[in-house]
Amino acid sequence: MTHPSEPTIIVDDVSYRYPRTKRYALRHLDLTIHRGEFVAVLGENGAGKSTFCQALNGVVPQSRGGRMRGRIVVGGLDTQQATVAELAQKVGIVLEDPETQLFTTSALSEVAFGPENLGVDPEEILRRARWALKAVGLAGYEDHAPTALSGGQKQRLAIAAALAMHPAVLVLDEATSQLDPMGTVEVFSVVRELNGQYGLTIVMATNKGEQVAQFCDRVLVLHDGELVAQGTPREIFADAELLGRVMIRAPQVSQLATYLEGRDTSLADFPITLDEARQGIVQLIGEAY
Amino acid sequence: MSTLVQYIPGQTAFHRLDPRAKIIFMLLVTGVVFIVQNLWVAGALLLTLILIWSLAGLPMSMLKGLGKAMVGIIAFLFVVQALLYPGETALIRPIIPSRVPLIGGVGKVTLEGILFALLLSLRLLATVIVLPLVTITTPVHLFLLGLVRMGLPYRWAYTTTTALNLIPILQAEANVIADAQRLRAFQVFEKGSFLEKLRAYPALVTPLVIGAMRRAQLMAVAMDSRAFGATRDRTYIQDIRMRAGDWAFIGFSVLYAALAATLNYLIV
Amino acid sequence: MKDNDLAIVVEDLEYVYEPHSLQAIRGINLAVGRGEFVGIVGHNGAGKTTLLKNLVGLLLPTSGRVIVDGLDTRQTTVAELATRVGYVMQNPDQQLFAQTVEEEIAFGPRNLGLAEGEVKGRVQAAIALTGLDAFRQEFPPALAKGDRAKVVIGSVLAMRPDIFVFDEPTTGQDYRGCHQIMQIAHRLHRQGHTVLVVTHDVALVAEYTGRTVVLCQGEVLLDDTTAAVFAQPDMLRRTHVTPPQITQLAQALPRELGLPACALTVEQLGQPIAERARHIAPKQQRAGLLWEGSYSSDC
């Protein structure tokens, strides 16, 4: 499903602090995200990842209060001018806790909640709901109670609930932090599918280095509210100096390559996946395969 | 694990009533309970509710549980009313003779007082049964729809049902919190004095309240992000329709309430 | 092992949750010696948390028995058991309530009826071990996530148990938080305490524990040294557990390279590779000549 609107995200010198707080959660953020990109946002707890995610659909500052300077434009809408309801149709958000973001009694009604709020025609809502559930691999779960689902299924349901709004951008705010490895893979797979097949732009705050290496086009690194680095996963995970300053978890194979570099040994190409590392080591020490 | 308000699926006629019929029933019963002064009418009201409860296929053990939960308050009521209700028929003579000024008459237990306490208890029990009767037999989203179709603005109806939803969640949280505190040798609720229990409440209540506040904030973000409250013309994928049986039940409820009110005034 | 060398003995434990008759544990036998550092892994619903709750007396066995520090859980109060085994729960927010971190940590010892001097001493020790000195007077719920977790650990420490059980301590924590919490567990282990950690984070299990118990559908699937456990990826797959990436890498490398078949940390694979690479001249590296040295590669 392609979207006619231009989902580019423009963040223009944005600084923000929560109400009654002195410390700025975001400081002079300047960045652009293009249509169809799969972007990961890495950083320590408190770096501003959540704040950034919620700033993309206007919840920050409209629902949370506080002072925001600068502008964020998503899909042509200014996040401080358009209503959160209007923005909800451009940007869908999935939050960290599977429990608190699902509040109805069946998967179908959960997915219908958003379009119902917009006053969409019930027939159309059912169409969207069925499509959304299918897109996340939950077709047939219409009548299941959200509380009976596994963690991974709950988060996929939350994604479906966001999809039903027909957004052009999907933002995931640490959506896999509470999940087991299986659930994490489920969520990343679905998101990759949505990015690849439907062209959805993805912004994902996460700390799962291995999945980022495997799926993401670009990485933004936040630290103390500032954007301290951006680049491809390879560029970021190879940057030993950055990883020394900002404690983010690189894939172990990348940690290995960094370790080796510290001992004057380099693999031909800096690996970020298992296969790359395997090839690199074989090339380094063994018979070329 | 269900609490006293959580929906339990069932197929009885009561379950299948339109939520509006059940809500009207509940409002009428509550209204009658407020005005009833006659012991017999109150007793009959309670019995009817218990009858409907069993017709709806709901577990009697739950009723017992409700009763047990009320025992403390009821005992308190009896003690207070027995001693303080201005009545004439003394069952137990006062400790301090009435002719002593000021504190004379203390300790007198009157028949009127006991009967009044009985009335209050019956009314209390009726009140406490009627809400679960409706919420246990009605799925939350239908309850919500019922309120909305009766004219309540969506936001208000939503707030009401969210509160209902929260009860089982908070109860589960309270259990976890109690366990966590027990793991730090917190035994006050098993073997502490009344005063100690009172002073120890923060250990249970603070995490619960903070948790509820955090939860509320997260829910608010999730709801806003799905355009909650965007338009007055909200649509619904499911709808409810009043059938003959529903109207009949409403008719029955109105008649019953009228009868109870009339008898209440006639039998003084 | 002699009985008083055993911190925990679980005998034929079965546990069924009523009222739905859900059998969470189907017969677990486990013996943990004093001073061991054990990781417990397995799919969601395998019985990990149920097992932990049985260890601390929050749940009593449906059949079988659990002996902790020589005490049968069916005959000991939760409060008494809490002085033998400290259970660090997964969500710190479900117990923090006091006005200050010090008060929070003092809660347990005070419940035990200890003298105020003893309480103060324990609070101080706990704050020192968890690195919370800067936050002594802070309101615990207002702290950052990692610090809240540390406050809970501190309050369990103040009970002075011999055994520590951590339930998913790193879920929702960032890398720094994970590291700090595992370092505390590590410190406790070095002090001689018995430590059990239930977690999904296999990299941390591989790095810190000496023994791993793998649960699957309420039973023990594997119970062996951590290295031996992660050397069996096929078995682990049955319980949806994958070895850490570095271990998978070591397993994927051709054995002719002479590198360890089993690596639990980056260093365990990196060191031999660096060693090996040092002996290969640069132009030989490109030609891809095979190194013929022998290298012990068993775990």
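Think of it as A, B and C in the order they're written, each chain with its own count starting at 1.
By definition in this document, a contact is a pair of C-beta atoms (placed from the backbone, for glycine too) under 8 Å apart; a residue touches a chain by one contact, two chains touch by 3 or more.
Just so it is clear, the model here is predicted, and its values are computed rather than measured.
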Which number of steps is the smallest that gets you from chain A over to chain C via touching chains?
1
When the contacting C-beta pairs are counted for A-B and for B-C, which pair yields the higher total?
A-B
With centres defined by CA atoms only, which chain is the most remote from chain A?
B
Counting in whole Å, what is the centre-to-centre distance of chain A and chain C, each centre being its mean C-alpha position?
29
Counting only Cα atoms for the centres, state how far chain B is from chain C in Å.
45
Chain C-facing residues of chain B, complex
1, 173, 176-177, 179-187, 202-207, 210-211, 214
Under the touch definition given earlier, write down the residues of chain A that touch chain B in their complex.
54, 57, 59, 62-64, 83-85, 88-89, 92-93, 95, 97, 100-101, 103-106, 108-109, 112-122, 125-126, 129, 161-162, 165
In the complex, go through chain C and note every residue touching chain A.
43-44, 144-146, 171-177, 179, 200, 202-203, 240-242, 244-246, 248-249, 252-254, 256-257, 259, 266-267, 269-270, 273-274, 276-278, 280, 285, 288-291
Looking at the complex, which residues from chain A come into contact with chain C?
44-46, 96, 150-151, 174, 177-178, 180-183, 207, 210, 247-249, 251-253, 255-256, 259-260, 263, 265, 274, 277-278, 281-289
Contact set on chain B toward chain A in their complex:
7, 139-141, 162, 165, 215, 218-231, 233-238
